[in-house]
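Presented below are the structures under discussion, each in the form of structure tokens.
In the two complexes that follow, subunit A is the common piece, with subunit B as its partner first and subunit C second.
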Partner chain A sequence: MEPLLEVKNLKIDFTTEYGVIQAVRGVSFSVYPGETLALVGESGCGKSVLCKSILGILHSRGKITGGEILFEGKRISGLGEKELTAIRGREIGMVFQNPAAALNPTLTIGKQLAEAVQVHGKLPKQECRARVLKLLELVGIDRPEERMKSYPHEFSGGMLQRAVIAIALAGNPKLLIADEPTTALDVTIQAQILKLLKDLQQKTGIAILFISHDLGVVAQVADRVAVLYAGKIVESGSATEIYSDPRHPYTWGLFRSLPCAKTNGALIPMPGQVPDMLHPPKGDAFAERNSYALAIDFEEEPPLFHVTGTHYAATWLLHPEAPAVKSPVLVHSGEVLVNE
Partner chain B sequence: MQRKGDAQLKHKLFSALKKLFQVLLTLFLLSLAVFYMSRLAPGDPLRSYYGESVERMSTAERETAMERLGLDQPVYVQYGKWFANAAQGDFGISFKYKQDVSQVIGNTYFNTILLGGSAYLLTFLLALGLGIYCALKEDSLADRIICKIGTVTNCIPSFWVALILILVFSVLLKWLPSSGAYPIGSPNDLLGRVRHLILPLIVLILSHLWYYAYMIRNKLLEETKQDYVLLCRTKGLSRRTILWKHCVRNIMPSFISLMAISIPHILGGTYIVEKVFSYPGLGTLCFESAKYHDYNMLLVLTLLTGVIVILANLLAQFLNDHIDPRMRQTKRGFLR
Partner chain C sequence: MSDVILKVENLSKTFHSTNGQTTQALDKVSFKIRRGEIFSLVGESGSGKSTAGRCLIGLERPSSGSIVFFGKRMQIIFQDAVSALSPRLTIGQSVMEPLDINHIGSRSSRKEKALEFLRLVGLDESSFYRLPSDYSGGQQQRASIARALALEPDLIIADEPVASLDVSIQAQVISLFQNLRQKNGTSFLLIAHDLSLVRRVSDTVGVMKDGVLVESGATEQVYQNPQHPYTQALIQAIPVPDPAFRQHK
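After this line comes the complex of A and B, so read on.
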């Protein structure tokens, strides 16, 4: 099957007063039609930058310095603002982290939704209204006729995120980029939104690029998972592979920092922080924080080692000559069972 | 449905009455304060009525004069009398001009509205245009040059600009008149009036423009960094559309409040400029009545200024309510 979105060796630099920050350092992945790919990583690892670059809405200081982004086989990185405007909304929609800030507070939900409906071709008023109502129904907003006249401040967080999803779907895109769509919501609402996304995918066959820092959330939606660290993909595989047999110490660390039901919710936070990408460290960027680090980790960056045909990780631990290390976590269907 | 409409109408009527009461109360307190304060200021009020001859008056003559003008009574009695008359529309006479205050003010009110009003409108139209332009071209050469020039003009005192303009355009080039509101003897000469307005207008606009343009520029830039702008872009809206349909609209409430708050600011500027250009307006009149202890005159002028400020604020609130849904007063607040 042809991939819908293909990111090839993408590099993004930010120019600041202090120097050049390498936010994304050679990331490659593909999203296939109808599937959900989750990009997982801590804050500051380049997730948001990556998905903003796909739609060409990077901050003016951020520049793509290498690699390319293909959508349905056509190169979309480096396109002009006009061509990108035609892709946004119609081909690729996006949902943001904080729904309370993502809508214009002075316009009704209906107006903002209608704007998204009208942007790629004018519709007569009645048709537009019908489409708005249908979209609101699709995302599970009750009494849409009444609700379309509400202002954002009259909506709850979960309702707002539903409205934002409706806006993202207005142009019938083939790909939805969801940048931490549940992070700002409380847990019960989180579950509702995740269910909504899954239902929508079943109904419309839309592909989802799901960004999150929370492997627990990702377990509920992802078909495939890519773990991002310091602007690079360090482990990637199908959800089953990642959740049953994680191989990278960073992935272990992410699992260990999840609350664990069996051990009375004790979680083990990862020490340290994402390295300063103004001066990227020599060798493996994760070596500093890695209790399993080998001497070579501080010298040379690990290549990608294949575990299976679809599962690979960038860690020297997978080298045939490396000492055998057992994963400190045991995970079963998204639940952390053992956490040593 | 009918009942709901009635309740709404009642609510509207009630809040209008409440507003009216607030306005009247404010004006009452203002008049009281000015009435007392003007009488506390040192100086001789008789001088404004009798001029130089005050110095040759005997004590007895002074007393008769004070009695005639009603200045011998305690201040609260004077205020009571003034209030009773004012309530019937009689605001007393000007000591200096020996005419009804309203008669003296007559045309000067119109002159000030003409100068201040056009300066006000032009300042804000230009500020909005300049602010939007600079925000669109943030950090470009044009933006940077405009910002630098703006800061400089904003720092130059208006009376100095006025003097330089008079020197260049009136004295050296002889293109424009340096004082008055119209050519002597022909107050209805439209072109003459416009010619007299040009220099004071330039001074007023130059001294206020950048302050507001810069505020609008920064407000707008702040607005374009909001998250909803990103969502608008991912919807597929163009930058221009987002700026006009979303950002400019969203800064309108602050813009309108700014306009309302700045009325006293620009009015104050008008008073100074009027004085420099000897423009027969409220400012010049106000200055003189304060200088000569023309009590009635000063009081009425202050009240007029107060009315303008209050009306401006009411207007701003009304407009705000209709632009920003978050500002609409809840039907029944928590505290009422």
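After this line comes the complex of A and C, so read on.
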């Protein structure tokens, strides 16, 4: 199958008054039709910058300095505003973290949805209304006829996120980018929105690029997972491979930090901080925080080593000459067990 | 009663808005916190958990009920460390400020003390002279914790102290709380919505819904055998970090 979205060796720099920040340092991944790929990482790892670059909405200080982005085989990185407008919403929809900020407080939900519908081709009033009602129904909003007359402040957080998803779906996109779509929501509402996304995918076959820092949430939705650290993908594989056989020490650290992780004693925090990408460290960017770091980690960046045909990780521990290290993390029967 | 540090009885709070509407944010909430205990209030947004914390420290005046504090000092840590620290004061000045205001010790001993607390929260000496803007959210939260510790409170009210932090940093802050409890016997009221985090750190947990404390008890007991349907729903909604355990197929 041909990938829907292909990101190839993408590099993005931000120019600031202090110097150049390398936010994305050679990232490659693909999203296939109908699947969910989750990008996992902490704040500052470059995941939001990546999404924005796909839609061409990078901050003016950010610039793609290498690589390319292909959508259905066509290069979309570097396109002009006019061509990008045709892609945004129609080919690729986007859902942001904070639904309240994504909506206009002075317009009714129905008006905002109608606006999104009309952008993708003028429709007669009645047809547009029917489409709005259908979208509201699709995202599970009850009594859509009544609800379309409501203003955002009359909606709860979960309902707002449903409305935002409806807007993102207005142009029948093939790919939905969801950037931390449930982070601002309560846990019971989060579960509903995750279910909604999965249901939508089943109904419409839409592909989802899901951005999250939460391994719990990711396990619920992802078919494949890519772990980002300091602007690079450090591990990637099917969800089953990443959870049942994680290979990168950073992925282990993410699991260990989970409050639900069962350790022998206290919670095991990851030491240190994300490196300052104004001055990227020599060697592996994670070496400083990595208790499994080898001498070579401080000298040379590890390449991607294959574990299986679909699973690979950028750690020298996978080099044939490296000492054998067993993963301290085991995900089994819904529990994360840490053995250290 | 010597082992109890805080006793809350029938605490109610009603907010009146300008258009005559009233909201019952707290409805006869009662609980006790023992010395050295980490007590958590969980619930969804709007459940009244933050209002409870604000009433305890006097940021809100309760409508009725009683709060009895058997300790000496109480401090609060807010969710948003970035707005809790003055951008114009160095981290050191911020941590020293409560000591200055209360005229505790001499100038040099105050600095000594501030440095000690910065070290305790894992910030190095140079942070004393630097501005909050030089630091990440997690580091700023640790600085605001250092300031909360400066007066050596025996009860800390922490309102969503890690909600805006990354998982790896969350773990750092939570282990810090546990160390403080162990070293100084500090008690905590932790207000949080992250149920697996609460399970991990607290001895006792209270579940709030619409201003009512619907269930409370020893943490493991509540998690393993939740009695109230709302508690059951909350616990079921926690995403399980295992793709083999999808809650919805």
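Criterion: the second predicted complex is superposed on the first by the 326 of 340 C-alpha atoms of A that agree within 3 Å, B and C clash if a C-alpha of one lies under 4 Å from a C-alpha of the other, contacts with A are read in each partner's own complex, and residues count from 1 in each chain.
By our rule, a contact is a pair of C-beta atoms (placed from the backbone, for glycine too) under 8 Å apart; a residue touches a chain by one contact, two chains touch by 3 or more.
On a predicted model such as this, the values are computed, not experimentally measured, just so you know.
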- May I ask you to name which of subunit B and subunit C touches more residues of subunit A? C
- Task: With the two complexes superposed on chain A, say which partner A:His213 touches: subunit B (first), subunit C (second), both, or neither.
- Result: second
- First, second, both or neither for A:Phe71, with subunit B first and subunit C second: neither
- Query: Of the two partner chains, subunit B (first) and subunit C (second), which one does A:Phe305 touch, if any: first, second, both, or neither?
  - Reply: neither
- Query: Touching A:Leu254 in the superposition: subunit B (first), subunit C (second), both, neither?
  - Reply: second
- Task: Classify the contacts of A:Thr106 with the two partner chains as first (subunit B alone), second (subunit C alone), both, or neither.
- Result: first
- Where does A:Phe286 make contact in the superposed view: on subunit B (first), on subunit C (second), on both, or on neither? neither
- Item | subunit B versus subunit C as contact partner of A:Trp316, first or second or both or neither | neither
- Message: Let me check the overlay on chain A: which residues of subunit A are in contact with subunit B and also with subunit C?
- Response: none
- For the subunit A and subunit B complex, residues of the former touching the latter: 52, 55, 57, 81, 85-90, 92-94, 96, 98, 101-107, 115-116, 119-120, 151, 153, 164, 167-168, 170-171
- Message: Touching residues of subunit B toward subunit A in the complex: what are they?
- Response: 226-228, 230-239, 245-246, 249-250, 323-326
- In the complex, go through subunit C and note every residue touching subunit A. 44-45, 136-139, 166-172, 174-175, 178, 193-197, 199-201, 233-234, 236-248
- Query: Of all residues in subunit A, which touch subunit C in the complex?
  - Reply: 42-44, 157, 186-191, 194-195, 198, 213-220, 222, 239-240, 243-244, 253-260, 266-270, 273-274, 331-336
